[in-house]
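Each of the two complexes below includes chain A, the first together with chain B, the second together with chain C.
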Partner chain A sequence: MSIKKITKQAFANFIDNLIKTATVYGVQPKGERFDFAPLASAKDLRLDYDVTLLPPKRFFQPTTETLLTFDGEGRYKSNFDNENFILLGVHPYDMVAINQMDKIFSKDYYDEHYMKRRNNATIIACDVLTPSENVFAASMGMATVSEGFDILLTDIGDGYVAEAGTEKGNALLAKAETTDANEKDLEKRQKLQQDNQKNLNKHKLKCKPSDIPNLLERAYKHPVWEEKAKTCFSCGSCNTVCPTCYCFNVQDSFNWDLKSGKRQRTWDGCLLDGFTKVAGEHEFRSNRADRFRHRFYRKGKYVPEKLNGQISCVGCGRCVGACLPDIANPVKVFNRLVDDLGLL
Partner chain B sequence: MSNKPRVAVFDFACCEGCQLQIVNLEEEILDLIGAVDVVEWREAMSEQSSNYDVAIIEGSITRPEDEERLWLIRSRAKVLIALGACATIGGINKLKNNFDLRDVKKWVYGKDAEKPHLNTELTRSVAQVVKVDYLIHGCPIDRKEFTYIMRCILTGKKPEIPEWPVCVECKLKDNRCLWETGQTCLGPIIRAGCGARCPSSGFRCFGCRGYVNNPNINAAKDVIERYGLDVEVLKRKMNLFGSGNTQVTANG
Partner chain C sequence: MGQSCCSSMKRDIYLPRPATVKKSRMMNGTELYIHIEMDEEPLDFLPGQFVEVSIAGFGEAPITISSSPTRKDGFELVVRKTGNVTNAIHKLKGGDKLGIRGPLGNGAYPVEQTKGKDLVFICGGIGLVPQRSFINYALDKRADYGKISILLGTKCRDQRFFHSEIANWKTRSDVTFMETIDQADNCWLDDVGVVTTLIPKIDYDFSKSIFLVCGPPVMYKFVLLSLKKENVPPENIYVNLERKMKCGVGKCGHCQINDKYVCIDGPVFRYSDLASVPEAI
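Here is the complex of A and B:
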């Protein structure tokens, strides 16, 4: 795959040309924060953003999607999104999360609805220029990324180093006016990436990410869950803003003929009251603290077991900022466990 | 006679704005009145009936004669639906429960306060008086939710009413948290289902859908302190829709 250098002006031309023929969702300001939104012009793009409000997972797993429609007489029609689109400005930690979700949605059961969108997508990632207030991706080893993207951009001041990660990225990059990246450009890129691997660390984890599963193995009855959950609203904000929370609910609803209808899938969250409610109103995690604990076990133990040990907290820090009572910070919880239980 | 369910709409103490939301269904109202026989609905038609399957009750219960009328409706209906905040949680009518009723009457009616036809008692929600099968929350109700619940009732399916707070829908709307802007938003303790309409327009949640089943009020107080705000402000804001009760559930 090629590694090119593209000037800022050539990049703006490249994006403005892309917009003419493709749907591009790029990072743009939303009030005082940032957000992925349909891009109308390269000048609206803000690749110097710190973090987006929601992670880009909603482009692959929409907050609500119709899986199928049924006619009430035994016939149904699956519903798929077939639109090609470009996601522009994905940060490395979010790219890692997408890589993880790709495995989750294709490994045991191939989820066609997710995978169709994923295969329709072209992802242009970019290295972080402005660390967000709560980012700790460096602690998780996810401050930079080496795979999953079609193109990775790194701002080196007078332009971008653009690395194609796939054939799709290569072909796309060929449409831009570029030169081969020289040694100096690559040095600048390496410097920025090395700095990020150190500096994207507003909350410092006291152990290696790979220590977390064992730590949790010994922490199921630790008082921290009960203590922190005392002020938990069960609002699920830590779930909704998390790039690796993918739980969903599926519901049927009828049209006015009271026969035909649709089956929809919506985001769900393990912190929410009723999340574990099943038929007969039986609920096996009705306790706030049990639900609070569960999220940490998902990120640090259960999901890693599906991902060859990779911890499924990428250190984006969104949950830290989204949690009003300030109890969601994974680093604080894991550090507390390290202090109390030690490392083996 | 058709075998469509016979539906009657009744109002008690309220502004009738929730009924107006039904009138305002636009093209969907044709679907609704095609699927049911509406036999009484004072806001939309002249006919009356004492024979109905489904009673939709709007408003809160504030007078002894209201209670009698509600019992009569309950005895006639197979299914009873509480429509809107006044019916589901007592609504803003419950504000008066914070004061001495004699003072309340004086403030509202002045020199006529003691006249017998202006008699009033503590406000109760419909569910505090009779068994309610379905609750349709909100001030006013959400039209989409109303038609969804009606279709669920007509098909015998249990409607999914969110048990979680407004924050869920607010986050899904990609909104910045209003607490970050200094607003004491009630979103974290109030039942979702409105699509976070107010916070999405920049206004804090006023709490019109009532508390979630298990609101963490103590956490709310902690957060107030953390943000350097006044807990009395929070209490006052909770009073608007939350006077005198923390939660209600439907029996159906």
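Here is the complex of A and C:
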């Protein structure tokens, strides 16, 4: 795959040309924050953003999506999104999260609804320029990324180093006016990436990410779960903003004819009361502390078992900012466990 | 088995297949018996596996198959009326269409591993429904298994069902059937009390028997305590667990018990595999 250099002007031209023929979702200001939104012009794009309000997971698993439709006779038909689109400005930690979700949705039972969107997407990732208030991706080893993207951009001041990660990215990059990146460009890129591997670390984890499963193995009855969960609102904000939370609910609804209709899935959250409630009103995880603990075990132990051990917290820090009672910070919880239980 | 082997065909894992109700009837005040046939390919299932039943507009509900695969024409479910979907299922009559996904659940009953062993089925209320699949499977392959005991505990007499089948089990000389109800009335001549009171009445070697347990959530703790008292090794106990479930294929997260999923790792679990799964029981 090629590594190119593209000047900022050439890049703007490239994006403006792309917008003419393709749907491009790029990072733009939203109030005082940033989020992905349909891009109308390259000048609206803000690749110097710190973190987006919501992770890009919604482009592959929308907040609500129609899985099936049914007719008046109760015959079901699969419903798929077939739109090709470009996702522009994905940060490395979010790219790692997407890579993880790709494995979750494609392995064992292949989820065609997710995977169709994923395969229809072209992802242009970019290295972080402005660390966000709560980012700790460096602690998780996810401040930079080496796979999953079609193109990776790194701002080196007078332009971008653009590396194609796939054939699709290669072909796309060929449409831009580029030169081969020279040694100096690559040095600048390396410097920025090495800095990010140190600096995207507003909360410092006291252990290696790979220590977390063993730590949790010994922490099931630790008082931290009760202590923290005492002030939990069970609001599910930590689930909503998490790039690796993918639990969902499925519900049917009728159209206006009251005969045909659709089956939709919506985001759900394991912190919400009722997530485990069955018929007869029995709720298996009715305690807030149990639900609170479950989320940490999902991130640090259960989901990693499906991902060859990779921890399913990418250090984006969104939950830290979203949690009103300020109990969601994973680093604080894991560090407390390190302090109390030690490392083996 | 099921759809797991067919991922290369990329069949939509959420798409139900069409099926038809052959007959349905109420078994008591709350339980509906329903006999279903697939419109296209028949369902190739093992005892303990479940299906997601779709009623268009109302949704899906996971229901364990109650019939044995040894009885070939279609399959049977028993459904308690408790929510939106099960209410809609209760309206189904012979000839009605519905959608079926499955069979689901990689953790079926250990029908092969337990061949030659003595079996004890411990059932609480509608816990008899999933167990019936393995019970009838074992009875249809009677020579493959040792002694067979069925212990059934029901809350009250009105909630009993499968009357003629139970009457048949009672008269068979190759089955021990014992039954108790929690709340006795004047017309009840059998045992009174919870199902655990029946366990000591089994007269064969507990250390070599296989115990299969299914009932309401509260029952497991007490049954497992009783079995512990009788020194039954945990690897000889299988529990059939229930959880809230949506997708049935290990994605949606609802049925997760610590790191296990009821839908893909169960619903039948070997009790010894649950030693480090504190949320299970």
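A few comments on the model shown:
The criterion applied here is as follows: the second predicted complex is superposed on the first by the 339 of 344 C-alpha atoms of A that agree within 3 Å, B and C clash if a C-alpha of one lies under 4 Å from a C-alpha of the other, contacts with A are read in each partner's own complex, and residues count from 1 in each chain.
The rule we apply is simple: a contact is a pair of C-beta atoms (placed from the backbone, for glycine too) under 8 Å apart; a residue touches a chain by one contact, two chains touch by 3 or more.
The structure presented is a predicted model; accordingly, all values stated were derived computationally and were not measured.
By the document's definition of touching, of the two partners only chain C reaches A:F70; chain B does not.
Legend: residue contacts after superposition of the two complexes on their common chain; A:F254 is shown touching both chain B and chain C. Within the superposed three-chain model, A:R285 lies in touch with chain C and out of touch with chain B [touch as defined at top].
When chain B and chain C are set side by side, the one touching more residues of chain A is C. Look at A:C235: by the touch rule set out above, it reaches chain B but stays clear of chain C.
Overlap of the chain B and chain C contact sets on chain A: residues 251-254, 258, 277.
Chain contact summary for the complex, chain A toward chain C: residues 67-68, 70, 73-78, 104-105, 108-113, 220, 246-254, 258, 261, 263, 265, 268, 270, 275-280, 282, 284-285, 290, 294, 297-298, 301-302, 305. Contact residues on chain A toward chain B in their complex (touch as defined above): 30-33, 35, 53-54, 63, 230-237, 240-241, 251-256, 258, 267, 269, 272-274, 277, 288, 322, 324-326.
Every residue of chain B that touches chain A in the complex is listed here, in rising order: 28, 31-32, 34-35, 147-148, 151-152, 154-155, 157, 160, 163-165, 167-168, 171-172, 174-177, 179, 187-189, 212-214, 216, 218-220, 222-223, 226. On the side of chain C, the complex with chain A involves touching residues 3-4, 7, 10, 12-16, 18, 54-60, 80, 82-83, 86, 97-99, 216-217, 242-244, 246-247, 249-254, 256-259, 264, 278-279.
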